[in-house]
Amino acid sequence: MTGLYIRWGIFVLLAIILSMLVVRHYEAQLATVSPSDLILSPSTGSFRVQGMVKSGTLKGDVEQGAVQFELVDDAAAIRVQYHGPPPENLRELKTVVMIGTWDATARVFRAHEIALVSNYGFVASAYLLTFIPIGVFLFSMSRKVVVLMQAIKDSKLYEPEG
Amino acid sequence: MIHRIIKQIQRYKGWVGAGAAVCLLTGTYLGLIASPPDYYQGEVVRIMYVHVPLAHTALLAYTVVFAGSIWYLWKRDRLIDNMCHAAAGLGFLFTGLALITGSIWAKPTWNTWWTWDPRLVSFAILFLILAGYLMLRTFLTEDPDRESRYAAVLAIVGFIDLPIIHFSVEWWRTLHQPLSISTRGVSISGELLLPLTIMSIGFHLLFAYMLMVRTQLLYLDELLQAKKGRLLTQMHLSRSQTSP
Amino acid sequence: MIALSIVQLSKTYGHYRVLDQLSLDIPSRHCFALFGPNGAGKTTLMRILATLTRPSSGQFRIWGYDGVTEKARVRQLVMYLAHGTHLYDDLNAIENLRFCLALRGIIPSDSQIKRALDRVQIGPFGHMQTRYFSAGMKKRLGLAKAILARPKVLLLDEPYTSLDERGIAIMNAFIQETIQREGAVLMTTHDREHTRQVANHMGILHSGVLRTFPPHELSTYVVY
Amino acid sequence: MSFIKAIRWMVWKDLITEMRSRETLVSMLFFALIVILVFSFSFSMDHQAARELLAGIIWVAFAFTGIIGLGKSFLAELHNDCLEYLQMSPAPKGAIYLGKMTANFLFMLLAEVVLFPLFIIFFNLDVVEEIWILLVVFLLATEGLAAVGTLFSALTVQIRAREVMLPVLLLPMVIPVMIAAVESTRGALNGEPFALYSQWFHLLGVFDLIFTVVSYWLFELILDT
């Protein structure tokens, strides 16, 4: 029984380490700022802003990869200048995540990349719903095998079946 | 002979389990961190790394049940029957998980939890057949030989039926409305293939390991029941002993 | 000539052993009576010999035919009168006889059926549905079936239960007749008085193990 | 020839028994009648909607009616251990299967033939031209249901919760039959050209053939040891 618990302990430990790695990996990508947060407390360096492209503000040449528009949330709006590879799915009234820097003097967000609005919730739930049931099932089976072995050994009339 | 082979395999059970654990941990690392998101599907393509191997393993499990059933009817070996029972239980688990992960994948990709795609329907029916198989076995425990025989017959009928069901559902769907969304698999580029392969190997090893553990579990369970029965008989007989 | 030979027959349910390496020979013109406590495995043995249950190991031969591989031949030769009456309640006595015998490949004539029914003394009830029969009458109808089928090996599971004195006399007469016809009879029973009249071999089955004893030890030997 | 004879005797026995007791047919018919009534209350059946749904309703009613009949089929053998006698009689087990299947097929078909006019009356159908096509559909689909159903009836009759287990095991297996029967019935009722739904006849034929043979072989394992 102890051996079983030790083996499973090691495995669970590894799984926890892996999941922490995964969480750390995605934390940077998951964190986004909304336009109203940006106006209240401007951040420095490269970061991610999520919002909706305001209707009627999209200007510039989408084919060339140089556009300007306003990004809004419930409360505030910011101006965004995008220079980068031609954006595939930049349309009005679409929720996007822009990666870039905040120019506090010009009050413009200079973006160089558009990221997809990610659905990590789906991915995470799929992995958890797969591995947790399998793990629980396997653990209970392994445990029961050990218990049964003990029960058979304890019964006096034990003789191996030929 | 088969018992000796199985005993040999059981000796390496730990290695299979360890291999499964290593493959699954590496596969998860590669799938969630190292591999890039898909061009069309984005991040949700990562669900594929669990969904597709789960579905394959479920089919493998049912194949094991089918082959084992034929073998059992031929040789009448208790151990083979226990293996069929174990594989059916695992197949049930894997089919259920494949359906759940498929549903989770379908929501962000096609904006629906369920679609009447032939493959999905066939899998749902496979799920029902396996459920029926397991129910049959739990309701028929008085005579173990009959339980195994009936279950084997059911497994064989179901396995033969499955392609016909798939085929008929496919016809039925194409007749009614051409599928608005393509449910064919994504074209898999090389970067996605590596985690998928490793996960696939991992899940197959995991299935092999779980099959061994569960077969052993069912075998030991039967052995314990027999032992208890023998103890009871001896008590019964010692009370009504013959006197020469 | 050995009518029924059992060699090292074992039966396990799952891993639970009911019959343990049982061996027995019954020559033709012999009636073997099998005693034993409840749950000793008597009915299991009967069911194996009637090809209703497959033995886990060992074999048995009936008139030289293997009981597992040549089932069809064995089934032609053996008749098993079990606890269940094997009668359809909605059919009358004659229809029941006709159907059951037809499955054995026998088509008896009307007069044969009448004679058989008369012999077991249920002649007047030939056209009555068997659902209205008493247990003893059903048993007699089963006997009529055996009379018409003329089996070479007769397996009887507690033949005397629910029969009256005359019924038992008919049963014993039929057993004698089977023996005279070069047949063999194996019966399980708890009724020593009536068994003594026909059986010339006896044995006791205990926890799956068989011990034989001569008939004159019947009253002293069998206590269970 | 004893093979054919055994089949005939099995069918004879089932028909005589049924004639005396009328248990199976009466329960099948009344159950189906109730199913039809419940359906017509559940959906408000104006003329157009009825056309679309009707094929499905007909076959759901027939399938459940069939299950009632199939469930009773081997239950009668269980009384007085008659099943045991069938097992130890020298008659070939395949013959017993075919006899039982024929009897079930006849009962189901009879129920369908009685019920279908009720559908015609209740839902104002006009099927004079397609009646032969529909009859062939009924024959083929009922054969498929009876082929698998008889095997599963024997399979479930000796286990606990048999009333539940028969539909639970049978219905997933006969999905191809149900799809094909519904589609071709719908085609015939809507007066579509035969070529449009003739493919379903092939499916029914193939299914019947495969599962009659498979069940014929496997039945020996159910009844025999």
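Order as written gives the chain letters A, B, C and D; numbering starts at 1 within each chain.
Just so it is clear, a residue touches a chain if its C-beta (ideal position, glycine included) is under 8 Å from a C-beta of that chain, and two chains touch if they have at least 3 such contacts.
Everything numeric in this text was worked out from a predicted model, so none of it was measured.
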Taking each chain's centre as the mean of its Cα atoms, which chain lies farthest from chain D? A
Please identify the chain lying most centrally, where each chain is represented by the average of its Cα atoms. B
What whole-Å value do you get for the distance between chain A and chain B if each is reduced to the mean of its CA atoms? 30
Geometric centre distance via CA averages, chain C-chain B, whole Å: 46
Distance between the centres, which are taken as Cα means, of chain D and chain B, whole angstrom: 32
So what's the Cα centroid distance for chain A and chain D, whole Å? 53
Could you say which residues in chain B touch two or more other chains, in rising order? 145, 223, 227, 230, 234
Residue ranges of chain D touching at least 2 other chains are 225
Touching at least two other chains at once: which residues of chain C meet that condition? 15, 53-54
Pairwise, the chains that touch are A-B, B-C, B-D, C-D
Given the complex, residues on chain B that touch chain D span 73, 125, 128-129, 131-132, 135-136, 139-140, 145-146, 149-150, 152-154, 156-158, 160-161, 164-165, 167-169, 171-172, 175
Per the contact definition, I'd like the list of chain B residues that touch chain A in the complex. 21, 24-25, 28-29, 32-33, 37, 42-44, 46-47, 50-51, 54, 93, 97, 100-101, 104-105, 107-108, 206, 209-210, 213-214, 216-217, 220-221, 223-224, 227-228, 230-231, 234
In the complex, the residues of chain D that touch chain B are 148, 151, 155-156, 158-161, 165, 168-169, 172-173, 175-176, 179-180, 183, 199, 203, 206-207, 210-211, 214-215, 218, 221-222, 225
How about chain C: which of its residues touch chain D in the complex? 50-54, 71-72, 75-76, 78, 80, 82-91, 95, 99-100, 102-105, 129
For chain A, which residues are in contact with chain B within the complex? 11, 14-15, 18, 21-22, 25, 116, 118-120, 122-123, 125-127, 129-131, 133-134, 137-138, 141-142, 144-145, 148-149, 151-152, 155-158, 161
